[in-house]
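In the two complexes that follow, chain A is the common piece, with chain B as its partner first and chain C second.
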Partner chain A sequence: MFNYTFHWRPALQALPQMLQGTLVTLQLAILSMIIGVAFGVVLALMRQSKNPLIHFPATVWVEVARNTPALLQIYMAYFGLGQLGIRLDSFVALLIGITFNNAGYLAETFRGGLRAIPQTQTRAARSLGFGAYQAFTLIVLPQLFRVVFHPMTNQMVWAILMTSLGVVVGLNTDLTGVVQDLNVRTFRTFEYFAIAAVLYYLIAKFVTLGARLLAWRLFRY
Partner chain B sequence: MFQTAFSLNDLWFMAQGAGWTLLITAIAMVGGTVLGLVFGVTRAVLPGWTTLPLGFFLDIFRSVPLLIQLILANSFIPILGFRASPFAVSCIVLALYTSSYCSEIVRGGVQAVPQTTRRAARSLGMTWWQDMTEIVYPMALRVMLPSWIGLTLGVMKDTALVGWIGVIELLKSSQILITRMQNEPLFILIIAGVIYFLISFPISRLGARLESRFREND
Partner chain C sequence: MIEIENVKKSFGSLTVLDGVSLSVNTGEVVSIIGGSGSGKSTLLMCINGLEAIQGGRILVDGVEVHAAGTDLNKLRQKIGIVFQQWNAFPHLTVLENVTLAPRKVLKMSRAEADAIAVRQLEHVGLGDKLKAFPGKLSGGQQQRMAIARALAMSPKYMLFDEVTSALDPQLVGEVLDTMRLLAKEGMTMIVVTHEMGFAREVSDRVAFFKSGKIHEIGSPQQIFESPQTPETRAFLNSVL
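Here is the complex of A and B:
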């Protein structure tokens, strides 16, 4: 049936390189999540503002991030900013693209989460003598975190999968990039990418599992 | 003044790309929804452990980057001895990818219908099939439709990746133009972005409106 001989051995021998790439992938995903969460919270708060000068830019960011492909956003960071004289290497451009996307999606998640926390909580805190900042960080944020934890884990998995787009702008250090480098040297596309797929699957499962354990540890009563 | 080498012909080239984007989205959504309905209902109806293999299979599509799925399919189909154009490969992969998400939506929708309602239907003498089509379907639809619209938009944006295996859809066409004109990537990408936004934004508004209307009538 097959006119094709699978060569798994060279592909498996490249496993250490791929694992090295996996670290870069994780590094990218974690960085983009941390920065994305920070921006996401700020954007969600900005969208609550009545002042159009504050409200409008945040809305534009969120709608653009959610209504255009992630790959286009990465192109924007790589080619688009390049035209403006800001030349970024592909790692930074990918990071910017994914973070922009993440922040947009997370802002919507946080907005929904903020809505789930009753106003009375803030008022109760304020009447107990908390300042506005204290009430937000000590009362609202912890509850918000509980509500958005699950969507955030999903977003983390998304971020990991999105890092694979780096290869399109020439990143060759992350998992997909490493594999693509090996692929153009050997033309054993299927073997190499099959191993990469397994690795991505395992990462995604580990992250989900880790998040479940963490949620159990943090949120049990 | 602003000057550009971008001509109407180029815009037409990008519009054709957008046409391919829409066509692939439509095919993937039709295929994916049909498969997703079958998988989702199966998973909602049969006892949990019997559908574990199916659940595992579908989960793969959600845990492996779409780009890698496309590359794998594109290299595996020739290994099997079939010839498939990049377009066909992308349609097949995206349909399976869609079905994986769609099955979750369907399963959630079916499970959102209270057991008591379904038992009441059966007690009134409805058959299982009648229960499914007359009771479960209309009630589940309200839960499923907003997420399904979200999924459509997600798939539309994910079609941007099929450019990698050689389908000239919207983003690939703009990339070709970028390579050709060299010095104005920003302008071309903005046009591509605007086209994506024009397709996506009205539909996402529609989804949000449907959702709020469904909530009102609950």
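Here is the complex of A and C:
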């Protein structure tokens, strides 16, 4: 039916290079997630504000991040900003693109999560003398992370997979970038990308497992 | 001393407090009784500045609660409040619930805060639940924990907002016992309650609230045995 001979050996020999790429991928995903969570919380709070100067920019961010292709967001960070004279290297541009996207999705997740935490929790904290910031960080935020834990893990996996888009802005150090380079040199497309797919799968599982362990440790109530 | 002078409060067009005046001396226990929606709970929220007011003023030890320059976080440290829905912090253990404010607000060391918390929790009969999460406690235990949490800040005043209303009947007694103990120790308390027997027993004065006003105030004997107005009489007949 098809006339293709698999050559796994050269592909497997490239495994150390691919594992190097895997580390870059993981680094990108974790950074974009951490920064994305921070921005996501701020955006969710900004959207609760009654002041249009505060909630409007946040709404625009969330709307654009959620309703335009991630690919375009990454293009804008690399080529778009480049045209304005802000030249970022591919790694940074990709990180900005994915983080922008992540923060937009997470902001909506957090906004829903905040509604699940009764106002009376804040009230009880304020009545003990906590300021608004302390009441939020010590009482509301830890509960929020529990409420949104599963959607947040999903988003993390999504962020890992999105890093593969770095190839469109010339990133050649992450897993997809490394594999793409090997591919154009050898044309063993199937073998290389099959191994890459397995590695992506393993990273995703690794991260999900890590998150579960963290949850088990943190959410014992 | 808490001085409430002609306080007015409304939510939109709904007037909740319509000129309430009351002063509570140090060491005094004042109970507030009255029907639902008469403004009793709102008054407590106004005393510690959780709710704004539209008229009059409230002074706590001479500090005007709703004045622009008042440091409410500081003021609230001397006014403990316990809510109907006990509002335990579910992500913290019983001990952490009680130590968090002393540590983060009063900047005590962990050891210091732990010592105070353990003492307060033993005081309310929860000395064996330090490591438990609130979700594992009964409503009565959570409510007693909330009392210990407020007491750990060494407040000068304690406000109780229908603290037994959301409890199963068999758990009411344990919470009332805790409050009785506090009253005996000389704590200044304002108690919004539907427990008439309790109000009669521990109060120095009882205030009957109706339509956002103090309709009648007096000693427990006066209010419960010879109420002066037909409204007070009608209310007591309906609940006793």
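FYI, the second predicted complex is superposed on the first by the 218 of 221 C-alpha atoms of A that agree within 3 Å, B and C clash if a C-alpha of one lies under 4 Å from a C-alpha of the other, contacts with A are read in each partner's own complex, and residues count from 1 in each chain.
The criterion applied here is as follows: a residue touches a chain if its C-beta (ideal position, glycine included) is under 8 Å from a C-beta of that chain, and two chains touch if they have at least 3 such contacts.
What you are looking at is a predicted structure, and each value in this text was computed from that prediction instead of being measured.
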item: Touching partner for A:Q134 - first (chain B), second (chain C), both, neither; value: second
item: First (chain B), second (chain C), both or neither touched by A:R115; value: neither
item: Touching partner for A:P69 - first (chain B), second (chain C), both, neither; value: first
item: Touched partner set for A:V167, first chain B, second chain C, both or neither; value: first
item: Partner, of chain C and chain B, that touches more residues belonging to chain A; value: B
item: Chain B versus chain C as contact partner of A:H7, first or second or both or neither; value: neither
item: Chain B versus chain C as contact partner of A:F193, first or second or both or neither; value: first
item: Common interface residues of chain A - those touching chain B in one complex and chain C in the other; value: none
item: Chain C partner contacts - residues on chain A that touch it in the complex; value: 118, 120-121, 123-131, 134, 138-139, 142-143, 146, 219-221
item: Residues of chain A defined as touching chain B within the complex; value: 1-4, 63-64, 66-72, 75-76, 79-80, 82-84, 157, 161-162, 164-165, 167-168, 176, 189-190, 193-194, 196-197, 200-201, 204-205
item: Touching residues on chain B, where the partner in the complex is chain A; value: 60, 63-69, 71-72, 74-76, 79-81, 153, 157-161, 164, 171, 175, 178, 183-186, 189-190, 192-193, 196-197, 200-201, 204
item: Interfacial residue positions of chain C with respect to chain A in the complex; value: 48, 50, 73-74, 76-77, 79-81, 83, 85, 87, 89-92, 100-101, 104-106, 133-135, 146, 149-150, 153
